[in-house]
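Accompanying notes for the structure given below.
Order of writing sets the labels: A, B, C and D. Residues in every chain begin at 1.
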Amino acid sequence: MTTAVDAILVGVILTSFVLLGSSRFGSCIRVVALQGVLLGVLTLAARQDEASLRTTLLALASTGLKGIAFPWLLARALRDAEVRREVEPLVGYGPSVLMGLMGLVGALWLASRLRPPGASVLPSLVVPVALFTMFAGLFLIVGRRQALMQVLGYLVMENGIYVFGVGVVQGTPVLVELGVLLDVFVGVFVMGIAMFHISREFDHIDTERLRALKDWTP
Amino acid sequence: MILALLLSPLIAGAFAYVLRPDGPRRMLLVATAVGHALLTGATWVHDPAPAWGGWLALDAMGQLILSITSGLFLACAVYAAGYLGREGHGTRTDIGEGFLFDNAPEATFTACLLFFLAAMTLVTVSQRFGLLWVAIEATTLVSAPLIYFHRHHRSLEATWKYLLICSVGIAIALLGNFFLAVAAAGGGTPLPLVVQDLVGGASGIDKTWLQAAMILFLVGYGTKMGLAPLHTWLPDAHSEAPSVVSALLSGALLNCAFLGILRVQQVCAAAGIAAFGQELLVGFGLLSMAVATVFIPGQSDYKRMLAYSSVEHMGVLALGVGVGGIGTFGALLHAVGHSATKAMLFLTAGNILTAYRSKSIREVRGVLRVLPVTGGLWMLGLFAITGSPPFGPFLSEFTILRAMLVQGHSAVALGFLAMLAVIFVGMAGIVLEMAQGEPGMDTADRPRREPLSAVMPAIALAVVVLVIGVYVPPPLRSALERAAHALD
Amino acid sequence: MAILLAALGAPLLGGLGALLVRGSWRWATAFGVGGVVLGSLVALVPTVAALLGAPVLALSLPWDVPFGAFAVGLDALSALFVLPVLVLSTVAAVYGGGYLRAHHGDDESPGTSWFFFGLLVASMELVLVARNAVLFLVAWEIMALASFFLVTADDRDASVREAGFTYLVATHLGTAFLIAMFVLLGGGADPMNFDHFPHVTNVGAIVLLALVGFGTKAGFMPLHVWLPEAHPAAPSYVSAVMSGVMIKTGIYGLVRVLTLVGPLPGWCGWLLVAVGAASGVLGILSALAQQDVKRILAYSSIENVGIITLALGLGLVGLRAGANDVAVLSFAAAFLHVLNHAVTKGLLFLGVGAVVQQTGTRRLDTLGGLLRRLPRTGLACFVGSAAIAGLPPFGAFASEFLLYVAAYRAILALSGARALPAAATIGALALIGGLAAACFAKLFGIAFLGEPRSEQADRAREPGRAMQSGVVVLAAGCIILGVASPLVVRSLEPVLTQVTALPHDAVDGELVVAVTALSAVVASCVAFAIVAGGLAALRRRLLAGRAVTAGPTWDCGYAAPSPRMQYTGSSFSQPLTTVFARVLRVESGGAAPKGFFPARASFASATPDVAREGLYRPVFGGVRRALGSLRWLQHGEVQLYVLYVALTLIALLVWKIGPG
Amino acid sequence: MSALHTLLGLALAPLLLGVINRTKATIGGRIGQPLLQPYHDLVKLLRKGAVYSHTTTWVFRSGPLVGLAAVLIAFGLLPFAGAPALWSFPGDLVLLVYLLGVMRFVTVVAALDTGSSFEGMGASREVTFAALAEPAVLLGLAALARTTGTLSLSAMFAGVTTMAWIHAAPALALVAAAFVIVFLAENGRIPIDDPTTHLELTMIHEVMVLDHGGPDLAFILYGAALKLWLLGSLLVGVVVPVHTGRPWLDTMSAVVAMFVLAVATGLVESSMARLRLVHVPQLLVAAGVLATLALVLVLR
């Protein structure tokens, strides 16, 4: 049981590293889709009771959203935006991966500080992976120029949280979880729209040029 | 009754979206606002019954924020009805750079306004943390189109920043929810993540995880509330959104995020680690005031100035709760005073903007002569927002200061006063420069008269500010005390 | 007490009425003036009674604000400061009726001005009777805001806006200090009524905060910067009230707080003496160096506040040293000077205001020969100038005389270092006296005597009857306060007992000394008048039947002397300003005449405020630069904004959770 | 006795001027004017009519009257030869100083009333030096008050005895020195001012009264003489503490001392040159410093 979970978690880590290192939008989107699918599987694997309707429902929803809907949406946005396919990074790929490693170490260290409280047993890897994935997502947002990559980063971050959610939290009723998924969905949707507008407004989705509003002129 | 509060704006919003003719839609907007306000008023008469098995309930804290939101929304709805009428349809030239742009469809705008109200109401009534989170995220999503009402690149940029930064924050807050769940499971049997249950079974909550959760919530909701250094989206969004939206963001939305933080702090207090959250709040408070101190003096855009002043006052709220004791009471009172004042200022700023067609302070002179009422309110707002007697914010800031010195935070008090002083100098310089003197524009293109719908809401808010400055009604006071009591 | 509330309400309602009927000129004025006058008339009797020691009128109503209560009381100390408010506000209101009329004809209604004037008067009275910290602060700030709007009444003028801003900033920062002071003073009291205040330990901090907070309003050096800006900018009837009574609320607050806190540390008296001496000497020196008539008066107000502070400080020293005579005489001098300065400075501002209005200029060096053109106003201003210079037989001399006597008694009573404040008092007071005489000889002599130096000075005429009446009444007041000074001092007994907290008969005994001395002074002055009259009669008899002819002024052989050859104000004060050049920093420049047949030469000199230029400008500039250097934080890069969030999160987690 | 002293002063004051002028003449090797010349001048002036400038107002005309009246009242407060003054009360020293202040004020405004630049110049110098001289007087009197332990001039000067000198010689000496400077400055004598020159630019007191004539000028001259006597007797009161029980002896010694002072003044005037105006303030400040020093000495 836990071995399966751990395996999936390792998969999540790997996908995150791939994202940090990859240089083309297309591949990024595909990797994110893969990560989504992994999470769907995780939802089932991490359950501590036998497969209830709840978990299966959740698994389906998450796979559907994270694995299919978002990638499709983003791919469309990418197509509409007709941008060059390279991810002009603010921080190079090598350094990015390096940062990723540091992030992983930090996540492990921080997780070691957070002893899980008495009763709830949780797979050893869950907390560090969740934190790491979150940091990776944040790093993608900070370290990449295009709005698209930032949406992807946001998704990865969301995934990390989701990992924590399914891995640790059992008590939360399905309604909230679905609400969560829905919100993420709408969030990404709205961001997609915004991205669309940006591309139409500036014929690029390079947020570095979104700098008209500031209180400082060097 | 709670469901009515929730559903009325929701349904009205849906109608507004499909309603074609402008007139009825604006009527619908105002009518809904009135109805909502009346319902909110009714909650003061007798407490509403909890709904959904205690997921939705109205405690003192929620009632306070709900009343602020609802009252503000009423004023803004009236203003918006007139504003939309004056905006009209069709392509217009940008006041800043002179390019052409359209407005978002008015139906969408109105609908989003009403959804916004619904979401904020949900924030105030939801007792369940997950639901609270959903509600706050919802406010972000429905307010984004409001900011992007004027469809040009600056407002788009503002919207993008707002979306991205707030979503990141919200995501962090979600993790906070999960951490809270873990902490709640500390006692063996997992507690449901409902405020009352957590407060009830606080003894069993795991401290470390609760602290971690507090940090995550603080950073997450703090982003939304505009605490420095998480405030960065705020000046852009407030300066680019239509003034009426800025008023709602500053006056209502920030309080909702604040409520989120208060809920967690409530649990922390029950679990006996109130000091932990308070320490962080004091830090964020001082930092926020410092940021305002940096950016208000010498500011060149008066709407940005107001935005930074919001950052400052969010800092004051954080400080008030942070020092605890009577300070919590002061902070809640300050929330009321600040919301009314700031909304009034933004609506006034909107009038100035429409008259002078410029957000640059340098190009606005002699408002008192061009728009007597607006100018008067503008100066009154200055004195109110900077905490001069006899206006509301004075009492609250006085209370907070007193709490600081009584609790022995002399250094904090010193910094508090010093930064307030610098901010006053900065703001007074700007506001007087704008209000007084000889207007640059020639009398020909001065507006003939100030439309009622543009000044009445601001006047009403000004009256509120003045009244709570000289008289805190006993019911309000008791509500404040109950809410403050929940936090220590 | 109801009568006092009525007194507070009348100016307010009058002002509101004026605001409502702002359309009609006559009605607005009627409401505005009527309200103030009515209020003063109502309050006059109870105030005088309270001053003479009638039982304290007190009232305390619940007030639904945190720590608040509507607690007011009229004791002797309050009454002492309320009385001049009543008198001066009435006179100023009547004067203002004429002033506003003449100032901007019918085009602009005076409704707003009257509203704020009523507000100012009411708030001043409320400040003086408030017995609750919150109420006091509210009244204090309303007073500041009302006066601010009165100062900036003519905001089309950039200099007026500048002055208003300076005033606003100064008063607001001062209030911040007061808020902190009251919070410390209030301890845990709720409501924060003055009589609930607990015994405080950190008296030193409280006194310093009060000194700064109230000193900003009163105009202590170097907190005075707003006075020389705001007083010239304000309409004259407002300047009169602000300078005559409003700045005294600062003195009142200081005294009130000193009576509220427990036993004072020894350095308080010394500090007050130092502050007073500095304000007095620097104030009158700066006044001497000015060329704007109203700035001269403003600086002279700083000087007089300095004299009052000097007296208070010496009183504290006396109390501390157990020299009751010194204490009683000093405080008597201080309180007497409060009354005297209110009347005298009010008179001067109203008189000079008439001149400014008639000539349309405030530059002293463009005036001249006005005594022939405004005989009544001129006579009144002569009285005012002689009085403010502290010359007998006018009121101000009585108070300075008392202070001298107190200081000399301290010299006799105390020895060693403890007598140094007294020595300082004598030295400072003597210097101030001489400089004040010089300053006001200049003001009166250059403005009213000689030949007019400009067209508009030549065209000036007496102002309307309302304005004249105000000036004349106050001039009479100066003389009465001088001649009746023994009575006035006698009537200060209750307030002195209250402030010094000495036994009743002790105060009485010490006052007898003052009264006898002052009576002797008055007697001498009467003799003086008689002798002068006799000499006048003698000269009339001598000149009877002899040739009394008129000719040109002796011009030492110059052909065709012109008015521009007269000595100007700046040249008159030049020797003194050069003697004190080190502290005054006079800036002068121009083109000296060159060659055998010099082309037109020029010379100009100005004396900017030392504290403003040397202290505040640099400090404010530095703060602004420091803050400006942090603006890069808001650089507009959304990724980095997200980075802020991430870093904050990580930092907090590592800091708080890391240690485990 | 007091009344007689006052009359003596009123009568002999102009003679002091005569003595000074005569001394200067003698030193200068001239016969000089008769001793009683000042009296002749006064009488002559009192007989004359008056010329008033068009510019002037009542201020100009009341100047001489008020000035003379002020100094007369001050005379009433002046103790002479250890005997009390006509009337006295604690603190009368302040009144005395301020009466002289009144005299100065009215003279100055009268000068300004003429609108002549010369008189304006004189007025400005007069107020400058007076402002600097006043602290010296009042602080010196404070030192005297401390040594004698009283607050009224009469008691003070009765208290300055040989015993007092024995106890507080240095302080009294300093006070005396300060008073000498003040005496010279206030009476417009060399080295501060030159009463005999007629180059207006250099004069202080004389130039202020250029426009006065007839009885007014007489009043002014007489007032100046009285002021000379007044300040002189203050100085003498400190320096010559002859208090034998016998009034006549005291009076005689004091009067003699006054004329010795006059002669001394004459000697100073004929042996020294006028200081440059810019140095006068330094001299007066020095006087103030001396007085302060005296006060500090007696205070410890």
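Here is the rule we use: contacts are C-beta pairs under 8 Å (C-beta built on N, C-alpha and C of every residue); 3 or more make two chains touch, one makes a residue touch a chain.
Please read all numbers here as calculations on a predicted model, not as lab measurements.
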A-C or C-D - the one linked by more C-beta pairs in contact: C-D
With centres defined as the mean C-alpha position, give me the chain C-chain D separation in Å. 36
Could you tell me the distance, in whole angstrom, between the mean C-alpha positions of chain A and chain C? 70
Rounded to the nearest Å, the gap separating the Cα centres of chain B and chain C is 44
Using Cα averages as centroids, what's the distance between chain B and chain D in whole Å? 78
What parts of chain B, by residue number, touch at least two of the other chains? 160-161, 164, 168, 208, 212, 235, 295
For chain D, give me the residues that contact two or more of the other chains. none
Where chain C touches two or more other chains simultaneously, the residues are 631, 633-634, 638, 642, 645, 653, 657, 660
Output every touching chain pair, sorted by label. A-B, A-C, B-C, C-D
What residues of chain C sit close enough to touch chain A in their complex? 631-640, 642-643, 645-646, 650, 653-654, 657-660
Which of the residues in chain C come into contact with chain D in the complex? 368-369, 371-372, 382, 386, 389-392, 397, 401, 404-405, 407-409, 411-412, 415-416, 419-420, 423, 426-427, 429-431, 433-435, 437-438, 441-442, 444-446, 449-451, 513, 516-517, 520-521, 523-524, 527-528, 531-532, 535-536, 538-539, 542-543, 546-556, 561, 563, 565-567, 571-576, 578-579
Complex interface listing, chain B residues touching chain A: 128, 130-131, 133-134, 137-138, 140-141, 144, 148, 151-154, 156-161, 163-164, 167-168, 170-171, 174-175, 177-178, 181-190, 192-193, 206, 208-209, 212, 235-236, 239-240, 295, 299, 304
Note: in the complex, chain D contacts chain C through residues 46, 48-57, 59, 62, 65-66, 68-70, 72-73, 76-77, 87, 89-92, 94-95, 98-99, 101-102, 104-105, 108-109, 112-121, 123-125, 127-128, 130-135, 137-139, 142, 145-146, 149-151, 200, 210-211, 214-216, 219, 277-278, 281, 288, 292, 295-296, 299-300
Could you pull out which chain B residues touch chain C in their complex? 160-161, 164-165, 168-169, 172, 208, 211-212, 215-216, 218-219, 223, 229-230, 232-233, 235, 276, 280, 291, 293-295, 297-298, 326, 329-330, 333, 368, 383, 386, 388-390, 394-395, 398-399, 401-402, 405-406, 413, 417, 420-422, 424-425, 428-429, 432-433, 436-438, 469-474, 477
